[in-house]
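If you scroll down you'll find the structure; I have some questions about it.
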Amino acid sequence: MINVVADVGLLCLLLTVALAIVCTRSPLSLVLLSGIYSIALCTLFVILDAVDVAFTEAAVGAGISAILFFAVIRPEDEPVTAFSWPSSRAILLGLGVGVLLLAGTLDMPMYGDHLAPAHQHLALRFLGQSFEEIGIPNVVTSVLASYRGYDTLGEVVVIFTAGVAVLILQPDNKKGPAKPGDRDRFAPELMGNPVLKTVLLRMIPLVVLFGLYVQFHGDYGPGGGFQAGVILGAGVITYGLLSSATRLKRIISDKWVTLGMALGVLVYGLVGVAGLFLGANFLDYSVLGPTQTAGQHLGILLIELGVGLTVSCTMVSLYYCFKQGES
Amino acid sequence: METVYLIVLGLLLIAGLLSIWRAGIGPTRFDRILAVNTFTSKSILFISVYLFATGHPEYLDIALLYALVNYVTSLALVNYLNRNPVSAND
Amino acid sequence: MSFPGLLNYWVALILLVCGLIIVMDSRNLVKKLVGLGIFQSAVFLVFITLGKKSDGSAPILDASVSVYSNPLPHVLILTAIVVGVATTAVGLALVARIRRAYGTIDEDEIDDRPEVEPEIVP
Amino acid sequence: MTEILGSLLLLLGVLTVLVGGVGLFRFPDFFCRLHSASIVDTLGAGLVLLGMLVLSGSVVIAFKVAMIGALIFFLSPMTAHALARAALRSGMHRDKPGSGPSTGGMK
C-alpha cells in the first residue's frame, strides 16, 4: 500500500516537472528544474528497490550536473519570454511516437509481477548463488564487478574516453592572454562571507570521508566505485568553487588528475590480466586469493578502487576543463 | 502505524508539489533555487520516512548523501551569480 | 496489488515523448541536452520498473528478507547514469566550443551566420 | 509508547513542513518566501527526524538520523543566508509596505 501510494505520487511529481521543463526557456530555470527532476527520480528509484541506482542518481544529480551546467550557461542566453509551448509539429510527431510506444507497453508485465520473464533465469541464479560464489551481500556489486566485470570495464573506458574528449575540446589557454590577477584570488563574495566559509570548508572533509565510506562499504550496502568517485569529485570541486580553480590546481594539479583517470582504467585492466596469468579467464578473480571468495573479495576491492579513481579524477578534470573554457 | 506513515508521505508529496510549482513559476531565479532547496529537504524526509515505513532504515545512506551534497547546487548558483552579475528580476 | 499495473511504463512513455519534443523543438543547445537527459531517464525508469517485485526489497542479502527485486537492471542502469553524465559533459563541452566559435548557443542565430570559420576564434 | 511519541512527532513535523510549503507557495515576495521556506522547513525537518530518532531501533540508525538532522540544521540556514545575500546584492528589495501583499511577485 505504502509502496503503491509513494510510487504513484512520485510519478505525478515527475510528470509535473517534465512538463514544466518542456515549457521553460530560460537555461538557468532549466538547470534548476532538472535538479528537481533528478531528485524526484532518485526518490522513485528508492521506492522501486533500486537503492544502488538511487545512490548513483543522488550523487550525480546533486553533486555534479549543476556544476557542469552552471559553467556553460550565460546570462545573455536568457530569453525575453520565460515560457513557451513547443510547436505543434513537434507535439504531433511526439504524439505519434507515443502512440506507437503505447501499443508496445501493452505486452509488458504488470508492476511488481513475480512471474515476469525478467525475474526468471539469470536473476534467480544471481540471487541464489552469488553469496556462495562471490561472498558479498550486495548482489548489485557482485554482478557489477564480477559477473559482468567485462561490461563494467567497458563503461569505465567510456567515462575515461568522455574525460579525454572534454580535454581535447577545451580551449588552448597557452596562447590566450591570461588574467592572473583576476583568476587567482579567492571568490570575494564567497570567502568574504564568514558563514559560508566556516560551514563549507568543514563540509569538504565530511564529504570526502563519506565518499571513502561509500567506496569501501559498497560490498555490504548501497555504494561502490561509481558513486564514491562522484562524491569524492564533488568534495574536491567544492574547494574549487569556494576559492578558485587555480588554487585547487595548486593542490591537485591537472597533470595528476589526468594521470589518475588513466591509472584507474589501468588498475581495472591489470586485475583482469592478473587473472589470465594465474590460469583463469580475463577478469576472473577467483584465482587471486587462497580461496574462491577471498580472491573475489580482493578482485572486487581492486577494481572498485580503479573505478573510483577514474570517476573521481574524470569529475575533477571536467571541472578544470569547464573552468578553463569560462575565462 | 502504517496509517501514520501514509499520512506523512502523502503530506510530504503535497508539500513537494508546492515546491515544484514555485520552481516552475519563479518569478525570480532566487525563488527557483529556494524551491529546489526545499524540495531537496522534503525528499530527504520522504526517503527516510519511506525507508522506516518499509522496515529498511539501513539504507538511510541515500538521504544522508542528499543532506551532505545539497549545498553544491546552491554554491554553484551563487558562484554563477557572482561571476555574471546582472540586475535583479530574473 | 494490480493497481499501478502499467502506469509506470506509461509515465515513462510520456517522459520519453517530453524529452523527444524538447530535443526536436528547442533551438537552445543547453535545453536540448536537458531534454536528452529526460529521454534517458525515461529509459532508466522502464528498466528499474521491470526489476521491481511487489513486496520485494533491495537486492542486498539479509537474513530477514525473503523476496528480493531483480539486481540485473540495477547494474545496467547504475553504470548508464554515470556514463550519461559523462556524455552530457562532452555535449556541454561541445556547446562551450560552439559558443566560442559563433558567440551564441542558439541554433537559429548559428544558422544565420554559417560563414564564420570556427578556427579563427581562439 | 515510543511508537505514539514517534508518530506524534512525525505528524507534527510534517504539518510544519506543509505549512512552510504553503508559505512558499502563497507569500507575495521573495524574502517572505525565504522566511517561510527556510525557517519553517528546518523546524519541520528537525521534528520529523526527531520522530524517526525516537522510532529507530538501533544505535547505527539513530546515528545516521542524527547526522542527517545535524547537516540540515547547519546547511539549510546557511543556504538561506547565502541566497538572501545574493538577492540583496543583485538589487532586489523588499516590496514597499504600502504596496501590500496583493501585488504579487517582485519588481
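Here the chain labels run A, B, C and D in written order, and each chain numbers its own residues starting at 1.
Note that in this section a residue touches a chain if its C-beta (ideal position, glycine included) is under 8 Å from a C-beta of that chain, and two chains touch if they have at least 3 such contacts.
Since we're looking at a predicted model, the values are computed, not measured.
Asks: I want to compare two interfaces, A-B and B-C. Which one has more contacting C-beta pairs?
Replies: Result: the pair with more contacts is A-B.
Asks: Compute the distance, rounded to whole Å, between the mean C-alpha positions of chain B and chain C.
Replies: Centre separation, chain B to chain C: 20 Å.
Asks: Just how far, in Å, is the C-alpha centre of chain D from the one of chain C?
Replies: 31
Asks: Let me have the rounded angstrom distance from the C-alpha centre of chain A over to the C-alpha centre of chain C, please.
Replies: Here chain A and chain C have centroids separated by 12 Å.
Asks: Among the residues of chain A, which ones contact at least 2 other chains?
Replies: Each of 3, 51, 64, 73-74, 189, 196, 200, 203, 221-222 in chain A touches at least two other chains.
Asks: Among the residues of chain C, which are close enough to touch at least two other chains?
Replies: Only 57-58 qualify.
Asks: Touching at least two other chains at once: which residues of chain D meet that condition?
Replies: 75, 78, 82, 86, 89
Asks: Taking all chains into account, which pairs touch?
Replies: Contacting pairs: A-B, A-C, A-D, B-C, B-D.
Asks: Quick check: in the complex, which residue numbers of chain B touch chain C?
Replies: It comes out as residues 54, 56, 59.
Asks: Mind pulling up the chain B residues that touch chain A in the complex?
Replies: Residues of chain B touching chain A: 2, 5-6, 9-10, 13, 16-17, 19-20, 23-24, 26, 29, 32-33, 35-36, 39-40, 43, 46-47, 50-51, 53-54, 58-59, 61-62, 64-66, 68-73, 75-80, 82-84, 86, 90.
Asks: What residues on chain A touch chain C, complex-wise?
Replies: Residues of chain A touching chain C: 3-4, 7-8, 11, 14-15, 18-19, 21-22, 25, 27, 30-31, 34, 37-38, 41, 44-45, 48-53, 56-57, 60, 64-65, 68-69, 71-74, 77, 79, 86-87, 90-91, 93-95, 97-98, 101-102, 105-106, 108-114, 116, 118-119, 122-123, 126-127, 130-131, 137-140, 143-144, 148, 151-152, 155, 158-159, 162-163, 165-166, 169-172, 175-176, 220-222, 224, 226, 229-230, 311, 314, 318, 321-322, 325.
Asks: Would you mind writing out the residues of chain A in touch with chain D in their complex?
Replies: These residues of chain A touch chain D: 189, 193, 195-196, 199-200, 203.
Asks: In their shared complex, at which residues does chain C touch chain A?
Replies: Contact set of chain C toward chain A: 1-11, 13-22, 24-26, 28, 30-31, 34-35, 37-38, 41, 44-45, 48-62, 67-75, 77-90, 92-97, 99-100, 105-106, 122.
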